[in-house]
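Chain lettering (A, B, C and D) follows the sequence in which the chains are written, and residue indices restart at 1 in each chain.
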Amino acid sequence: MSQILVNGLLTGGLYALVAVGFSLVWGVMNVVNIAHASYIMLGAYITYWLFHLYGLDPFLSIPVSMAALFLLGYAVGSLVLNRVVRFGLVMTLVLTFGIDMILQNGALLLWSADYRSITPAYAGQGLAAGGVMIPYVRLAVFVLAVLFVALFSLFLSRTRMGNAIKATALNPFAAELNGVRIQRVYALTYAIGAALAAAAGSMVSVVYTIHPQVGNVFLTRAFVITVLGGLGSIPGALLGGVILGLAESLATVTVGIGWSEAISFTLLVAILIVRPQGLLGKRFFGGVG
Amino acid sequence: MNGSSMGRRGAGLILGAVVLAALVLPPFYLSGYWVRVITGLLMYGALASAINIMVGLAGYPALGNIVFFGTGAYTVAVLMVKADTPFFLALAVAGVVAAVYAALLGAAVLRLRGAYFSIATIGINHATSELVTNLDGLTGGGRGTIVPFFPGSIEAERMFFYFLMLALMLLATGTVYLISRNRLGYGLRAIKADEQAASVMGVNTTRYKVLAWTISAGLTGLVGGAYAYWLAFLEPPYVFDIVMSVKVYIMAILGGAGTVIGPVVGAFFLELLSELIWGRFLEAHMLVLGIVVVLVVLFVPRGFVDLAGRLARALAGGSASRRAEGVRSDG
Amino acid sequence: MYDDRSDPQTSVRLTTRLITEDGVRFIFGPYSSGITNATSAIGERYRVITIATTANAPDLYERGYRYLFGTLPLATTYLHPVLEMAAALPEPPEKVAIITPENLFAIAAAEGARQKAEELGLKVVYFARYPQDTTDVSSLLSAIRDAGADMLLSTGFLQDGMLIVRQAKELRYNPKIMGFTVAASIPDFRTNLGRDAEGIMGGEWWAPSMAWEDDFFGSASQYAEEFEQRFGYVPTYHAASSSIGGYLLQLAIERAGTLDTEAVRRELLALDEVTMFGPIRFSDKGVNEASSAAGFQIQDGQIVLLWPEDISEGSLVYPKPGW
Amino acid sequence: MGDRALLVGRGVTRYFGGVAAVTDVDFEVREGEVLGLIGPNGAGKTTLMNLISGLIPLSKGEMVFDGRRLNGLGPWDVARLGIARTFQIVKPFAGMTLRENVALGAMFAREGRGVPARQALEVAAEVLETVGLGDRMNAHANELTIALRKRLELARALALKPRLLLLDEVMAGLNLKEIERLIELIRTINASGVTIVVIEHVMKAIMAISHRIVVLHYGRKIAEGTPEEVARDERVITAYLGRRFGQGKGA
């Protein structure tokens, strides 16, 4: 049983990192960013190719994938998304769905549907503690994921840019009156969201098998976690990630693994109805009538 | 009624006759492949019209509406396979089951607005798909389920499904037309514009929203049921397919959400384009479709009907009054 | 030949196009049992023979179709050689766990394995289906380990197969036998997993090292060499099965002396051949009932055929080496 | 104007997450009168109006309209009983012509016996005529000036054929001339037998049209009476101008 809990916890850490960028973009820009799935996938491929072509350790390639996706995110945010944000959430949702189709199918053409994986020397090694196995890689992923989430939280509260992002999230009009350049904040927020997705993707590539659609499963998790934790809430994403990881893990041994997705999506709908601001979050946008 | 509107009515009748002929004649002249392609267009036209009731009229982005397609499809499959139900009876039940499902969900889910509602519908679709997968004793689960064949010759089958889908499309589009001329349509448009204002004007917003979703779901369920019989084989991912759902949504937007004919135009356009793209770019088909989606959002966010209206006004010069053609949409 | 994007709507439309626009009389089915289910229905209606070369879920052949032929034995028998090998051991494993993704073909193989295991007196202590796109089976494996299973069979595909091996290693779960269906025979499985693939067993419909041969292709290994020269990679059973499907159709047409569907169908049913793909004889339902899967183990990164005993190229490493 | 109470509120209270926006307010609206509702910003005027029109439920207390309890009714039920309202920030239905905007009210009018769409459009034309928008029936709301939008809002409410009309700051943002014309219109409407409750910041206007006035402060009713009585009330002066000033004047 304790093994089940450890599994769930370790998975939950990664889920949290997957969700935090998604939650940020939704909370600040009011954009449900379907392309998040592709950014995770691209992060994973960058790490894969750096490992395979240059032998770069997957954990060391995280900054590279983050930087690359930051640039891509900034470009998409400023050139495409900013033009459509005012049309409202549903239009941007459809738009990012289109972007996601382009990136995923582009990756399919470039790299084929082949399954690929990274196996560094330390893969599969682990720590045995009282009959519970803690694989090093997954532990590292967990620690890094939590660290990223914490650093990001500091960035939001301690830097000028972070404060501008928060102000924009709370009230874009007021922020604009106070001299915040909304368009720039949006582009940056989107870029940061993409970079966080890339970090998650790099870690996904060490733990899982990668292919052009690898991001989709994580996107559905990000949905559930964001709703669970509250839009734009960073502690919420962390808590939501861990809760979902544990819930899935427990569902596997109780009702059967087949039901775990049905359960998490029923949970999603139920939380939306009962507590749309999430467990920890404030409601930034929309909500209940 | 003055002379010019009589003239317009006459022109409308002629146009209607031409359109009707264009819809009825194809299966008698085209090959099996093209009949199948057009049957597919009609199916998408019906789905786009059905989602239009929610998206275009009520302004509720039911992005996961495909859940009723899957529900309808599986209702027909289970009834025909497990209970030897005749097809049309099963189809009717499929429409009812989907409608009732929406009515039950609606009371709770329609309290959500905008993206929250969208995401709830996506979640419902996913949860329902998983449920169908897990109820494998009834549905065959991940193994899928085989629906009995249409009993009759190939030609009869071709005609049957062509006219079945045509009938469903006309039913769906006709429903949108009727709704938009009626109190329900006005009420829904008021809800779309401002729900609070609508409610103090006497519109029972809760009932109207649930009613709209029930009708939309019922129509979508009927189309799903017909699809099950047409394809003769179902797996949950095929009929609870979120990509298909978004495609239908885009069709409605592209043609003009809220207009009567726009979504059908959008459906025909996108499906035909899809067919053509597919022929030219075997590998990159989905990629090109993604580009189309992005371009639509960037450049035609209010749809073709709105675009055509604006073009017509521009051509007619500034003197043309801003008259609504049919039911106007407003983002 | 059209690319169907693995979507049933498109597959069905293309099948119709082949038949009604291009006048095709014989069709080689698409990849995967699910889609074949949909396209063969079209073939059946138009009385066009479909030769399914990679689709062998039993459901396909239980519909009473007249024009559907499958070159592979039924998927239910996929893991039989692994189970037979296990049962023949002096100290066989005691408890078996079987897991399968939600997929027509995979479930058929898993159900077939469960039945066979029970016939052979092996106790199935765990049986589960998991979502096809799962990303985490660690808790599933923990539960299997807790159930005390010392033999793990999975009918997953490449992605989930690799995930199972990696996470079993992370958890230090060491069953005496680990057996896979299609995943283990795909070269990427071995190249991606490296040493972790050692000792993993599997069922295999065909391999270049098999001793089968015929007049047209020569031996299985000759076929494989020629194939590799032309396409640049070593053929798996998918390729060989497709080649043999074409060959059989050609034979049947030659013997019928006409392209008439009914005549060709009669000749296909009458076939009783030994080919480089093994023996082939179609049952009334259109299934190849003459052949069966071979059992193998991955040893030093190579597939070593071990079962049935008369084709054995080596000896079984048992229990599977620990992580 | 009679003395019969058309709408009665007893102990009307509304909390928002523990904070009281309206506390224990008793009030009555008499048949045929124009009742002014005033108070500083945040006094709870609009909340009270939202409570009457059923947009938000009561936390405590009850309201009775012409013998029928309003508690638990949806805003549409309230509207169909004959209570119409306008919003402080106008809410025209985008995408509809003025005529369609107004027709909507007729369609869902009193007692739910609204008329079919075609007939409602006829009614709408008449109503638009009475508010002076008869010549712009096919225009869209976003083409109107703010003053005309307020008139549209009023026309829409009138199409419901209300017995009680709630007007939430219909004069805000208008110039003097426009205000005068609107006052004239409100008087005409009142003269036709419609009881009216007005929230207004333009003091001159509210003093001019109201028969009686209720003053709210921090969610409580602090005064009630004719415009003259209220204007002399010390608590009202304190509330509007600050404690010291009020006390000083009283002393």
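One rule holds in what follows: a residue touches a chain if its C-beta (ideal position, glycine included) is under 8 Å from a C-beta of that chain, and two chains touch if they have at least 3 such contacts.
Keep in mind the model is a prediction, meaning the values are calculated, not measured.
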Consider the two chain pairs A-B and A-C; indicate the one with the greater count of contacting C-beta pairs. A-B
Name the most central chain, where centre means the mean of Cα atoms. B
Roughly how many whole angstrom separate the Cα centroids of chain A and chain C? 37
Centroid from C-alpha atoms only, then distance chain A to chain B, rounded to Å. What do you get? 32
Distance in whole angstrom between the CA centres of chain B and chain D is 42
The distance between the C-alpha centres of chain C and chain D, rounded to whole Å, is 76
If you look at chain A, which of its residues touch at least two other chains? 258, 261
What are the residue numbers in chain B that touch two or more other chains? 130, 133, 283, 285-286
Junction residues of chain C - those touching two or more other chains: 102, 129, 131
Pairwise chain contacts, counting only pairs that touch as defined: A-B, A-C, B-C, B-D
Taking the touch rule as given, give the residues of chain A at its contact with chain B in the complex, in rising order. 30, 32, 80, 83-84, 87-91, 93-95, 97-102, 104-106, 108-109, 220, 223-224, 227, 258-259, 261-262, 265-266, 268-269, 272-273, 276, 285-289
Considering only the defined contacts, which chain B positions touch chain D in the complex? 181-183, 185-187, 189-190, 192-194, 196-206, 258, 321-324, 328-330
Within their complex, state which residues of chain C touch chain A. 102, 128-131, 133-140, 142-143, 158-159, 162-163, 166, 169-172, 188, 192-194, 196, 323
Any idea which chain D residues touch chain B in the complex? 53-55, 74-80, 84-85, 87, 91-97, 100, 103-105, 107-109, 112, 114, 116-117, 120, 138-140, 143, 156, 160
Taking the complex as given, what residues does chain A use to touch chain C? 3-4, 7-8, 10-11, 114-117, 119, 123-124, 126, 128, 133, 135, 137-138, 208-209, 211, 213, 216-218, 248-250, 252-253, 256-258, 260-261
